[in-house]
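Next, two complexes with subunit A in common: one pairs it with subunit B, the other with subunit C.
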Partner chain A sequence: MEDKKITVAHVQLSSCCGCLISLADTYEKFPDILSSIDLVYCQTLMDAREIPEADVILVEGSVCLEDHHALEVAREVREKGKTVVALGACAALGCVTRFSKGGQMPKPVHGSFSSLTEIIRCDLAIPGCPPSPELIVEVITAIIRGDKEYLKPFIRYGECKHESCGCDLIVNVINKSLCMGCGICSASCPTRAIEMIDGRPLISPHLCVKCGVCSFQCPRIEI
Partner chain B sequence: MGKITIEPLSRVEGHGKVTIVIDESGRPVEVKLHITAIRGFEQFVVGRPAEEVPRIVTRICGICQTPHHLASVKAVDAAWDVEITSAAKKLRELMLLGSIIHSHALHFYYLASPDFILGPDTDPKVRSVLGLIEKSPEMLKKAIALRKFGQSIVEKIGGRAIHPVTAIPGGIAKTLSEEERDQFLKEIDTMIEYAKESVELIKSINEKYMDVVKSLGVIDTYYLGIVEDGKHSFYDGILRFLSPDGREKVEFPFSQYQEYIGEHNVPHSYVKYPYYKKVGYPEGIYRVGPLAMMNICDSIPTPLAEEARKEFIDIFGNPANQSLAYHHARLIELLAACERTKELLEDHEITSKDVKVEVEPKAGSGVGVVEAPRGVLIHHYETDDRGIVVKANMIVASTHNIPAMEEALKQAVIEIFKR
Partner chain C sequence: MDPLGNYKSIISARATDKRILKRAQDGGIVSAVFIYGLENNLLDGAVVASKEKNFKPVPKVATTPEEVLEAAGTKYTVSPNLSVLKSAIREYSCEKIGVVGTPCQIISTRKALKYPLGFRHLVDKIALLVGIFCMENFPYMGMKIIVEELCGVRLEDVVKMDIGKGKFWVYTKWGEVKSVKLKMTHPYEQSSCHVCTDYTAELADISTGSVGSPDGWSTVIIRNHRGEEIINNMIEEGYLETRPIDEGKFGLGILKKLALTKKEKNMKEIEHRKKLGLPVPPDVCGLLQ
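For the complex of A and B:
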């Protein structure tokens, strides 16, 4: 594309940084990806200290409700980003930060974490812990191309109408008699929390990290 | 009175800021490092089956997930008195080395090297990996190759490159096929070559910046790391403290860490400040990671890295107390990790299928320690008779270093203000 490059910022809230590392795991393509956009803010890779206005702001991590700083950053990215993308399961759905219960010294009051999609309007959300390198690149490419069709499921996830503990599969697929037992949910689970029993997924709450990939991959969920 | 705030700290993983308070005469009187994020993993693994904890704690850090995965599973093994097979141990060690290779290459090339390759006075907009794409594409290619090699090892053994899942109490749930092993063997000599070049590169960088390296961030602390028979070790061994003057060495098994390491709370940061208990806080603050490892070990068991370590001592002394010498030490560890990877790949046991022993959940207390890229990583769990975690304590590598980082910053700020 000959047009001006889109400006992209990467902002990290409460997360492990694995989503950005996943993007870096495009290896040889990583320099090309960075060169195809105008990266204006990314605290882990560069020294810009102010989040500027940007065409796309990728936000990784969930929002600690007891931390005013995190809430301010959430508001700031909504004000400054034309398109705000909840990157990865923490921002999209909460992921392991949903397990948090506070009580850890020296900041025991920090105990409630919400997905970014619950706190601000997100235009897109990418589930996965972490999302695969290919997926992140495809979404960025689709944004550059303005490919609304490709982005549809990500827009749906941005609207935050979905639980992310496998229960959405039960509610939206199995209970609606839509499950055909294909096992894609089970195959896509990063912690092997889903076992196929009698052609239906059996979800272990002990293993689930609430990344949302099972229902995202389900071919029978209405998009 | 004035105050300088540097926020957010950049080119690091995580959230932090530095504040510098200046008095009327323009002298810095207070320098503080604030770590401003906490999710509370120690609390929320409580109540979970211990065998599931290794899969959760990877999310503590997206860069060093593998060490968390392994320290965690070692802690569960220890709590349940499990002795794993030697093949399982080697596979876990290989997975750890893959992560070290990826992380050390990421740390130096992607995050730190722009300061030196592009120069400290370069426009901050360019002074990053983005600037390297233009300036040093060949160097970046090698850095990418090292990362790819390391992450591929983690993926093949751990199931996934980020947040691996295969280490389970009693061993490991995946084996390495001969084809996979052969593929890595084809590449390993190139990786060793790249690691050697990395050491040469940092030597030439250090020559250029030696006055900075030897004057900013120079502090005396204790040092802590893992040794096996006195030698540098990533996966297993015992812990060794070294005194600031290098004279006193104190060794203890992982399980006794609480007798030697204390944790102090400070009001301005969300991390605890660890210290060497026998000396107290703040005199007993210590450093971990590559620099500490160069200091505490008697030798590195692989030849090229050992040669590089001797050169390192010639340049920086023993113990080396220069914080900026971490980069040099890190690249020596990169070389050591590549060499050790080759040894493991050439070990016929690495493709063994004897990787799992039966385990019985029970009440116990276990400590698991590995050398993560940033240094000593400690996981400690207590379980009840059903194998449910009732108490957890984790001291992640960077946490050990926080008090020393603050001291080094103070020293550097005072030095810079003098100039």
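For the complex of A and C:
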């Protein structure tokens, strides 16, 4: 007898779709994932107009406060999803949308973006711009298995409602006498904003997109 | 407390290749393993700590035995090896990567393998983790003070540094040997090392270092199947010669003693920092006991 598959929906708010692309970037594993779940809503991949109730709703993107539609979708997601996952740094931490100030066409008044975690309660949040395909697969697998231990960091990120920045490394690691100069933060940065100088990370604020990856990968911070 | 972590076996070994022994710190295990890996298609790249003038460490992706040889020898300062981890798979297109690192760097790598958030398509390309024994490390300027001010030697003249018999040793290209008591070097250690309880890189596939073996030999801790396979093949094919590890006071005894000393000393520091309300490193991959 086949176990009942969990139903999964993918909802996009203000984002670039990179997190979904990252999930699809698992090549041959992607069909396996699709066949191990029951995808019920995903505007990019399928034709379903209404967000249905689902075991897991993956939400990518931050929430534009001037867009009442976005706020309604956020609320709807919370009502219909048993487990709501903020997928990627825009939903989890705000990421590059933190730099938005409005004034752009065609919606010049759309200028206030908050992370999904600030707007609704998220059961899990995954930082990263985008999170790697392998990590997304691990998280989905852990959700299916009910592996709370593996999900711990993502539960914690779901609870945190603040932004993240490369500079967090200075405050939380270097200033606290914890940085030993391994260099993993530098390698993990998607924009190469971190250079190792004299065995410590030097963060370029002009390149940092506030995705939170560096702090997440640091072995000296509790995640 | 288990001083050495999980392992299958411990041996003393050294490389048979004279080119390696000439440049290596002790038995040349790390160089030999990587060269064996590159020559036998088990690896196509290795993340190593190479060096520039004046012992300035430079993390590097070595793709040839020559590059591995260039990086041989211990640098007693911080080399952020893992900063080139992603370059290895992107710029260098490596698919079978060996990584050498201090215990903390091996911990970082294991964490990245468990949670590869910022590492797309990396996990299945890490082929081997080689850890080196490490008590503590020095910032570059700390090392410079030890060499130039305490030992009275210009860094540009130094060909090798070593720690042993309670002293920090400096060898110059003029053949001079200078040393200073290890106690004198303590003020120049980086303080973040004092909350680390891993001496023997317990999460590596293979760990190696000088402690526990005679001069010119290295102690090799084989921790899992992956490590065992490569070491056994190297012995069989003549890349390594071995001798049984000395089970006594100057072999396993001293190794366990030093590993335990680091754990006990630094657990105290961790407790001290907790009392002050300061953060301490988390238990990554269940390493801290």
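Assorted remarks:
Definition applied: the second predicted complex is superposed on the first by the 217 of 223 C-alpha atoms of A that agree within 3 Å, B and C clash if a C-alpha of one lies under 4 Å from a C-alpha of the other, contacts with A are read in each partner's own complex, and residues count from 1 in each chain.
Just so it is clear, contacts are C-beta pairs under 8 Å (C-beta built on N, C-alpha and C of every residue); 3 or more make two chains touch, one makes a residue touch a chain.
Bear in mind that the values here come from a model prediction, so they are computed numbers and not experimental data.
Aligning the two structures on subunit A places subunit B and subunit C next to each other without any clash. By the document's definition of touching, of the two partners only subunit C reaches A:Leu135; subunit B does not.
Once the two complexes are laid over each other on the shared chain, residue contacts for A:Asp25 go to subunit B and to subunit C alike. More residues of subunit A lie in touch with B than with the remaining chain of the pair subunit B and subunit C.
By the touch criterion defined above, A:Ser36 lies against neither subunit B nor subunit C after alignment on the C-alpha atoms of chain A.
In the superposition on chain A, contact of A:Thr83 is made with neither subunit B nor subunit C. In the superposition on chain A, A:Pro190 contacts both subunit B and subunit C. Contact with subunit B, but none with subunit C, is seen for A:Thr44 once the two complexes are overlaid on the shared chain.
In the superposition on chain A, A:Ser112 contacts neither subunit B nor subunit C. Smallest inter-chain Cα distance, subunit B versus subunit C, after superposition on the shared chain: 5 Å.
Shared interface residues of subunit A (contacting subunit B in one complex, subunit C in the other): 22, 25, 190. Residues 59, 77-87, 101-102, 104-105, 107-109, 111-112, 115-123, 137, 139-141, 190-193, 195-196, 278-282, 284 of subunit C are the ones touching subunit A in the complex. Of all residues in subunit A, only 22, 25, 126-128, 131-135, 138, 153, 172, 176-184, 186-190, 196, 198-199, 213-214, 216-223 touch subunit C in the complex they form. Within the complex formed with subunit B, the residues of subunit A that make contact are 12, 14-22, 24-25, 27-28, 30-31, 34-35, 39, 43-49, 64, 69, 95-97, 99-107, 110-111, 113, 129-130, 190-192, 206-207, 209. Residue ranges on subunit B touching subunit A, taken from their complex, read 6-15, 36-44, 48-49, 52, 55-56, 58-63, 65, 106, 110-111, 124-125, 127-130, 133, 137, 140-141, 144, 147-148, 151, 160-163, 165, 265-267, 269-272.
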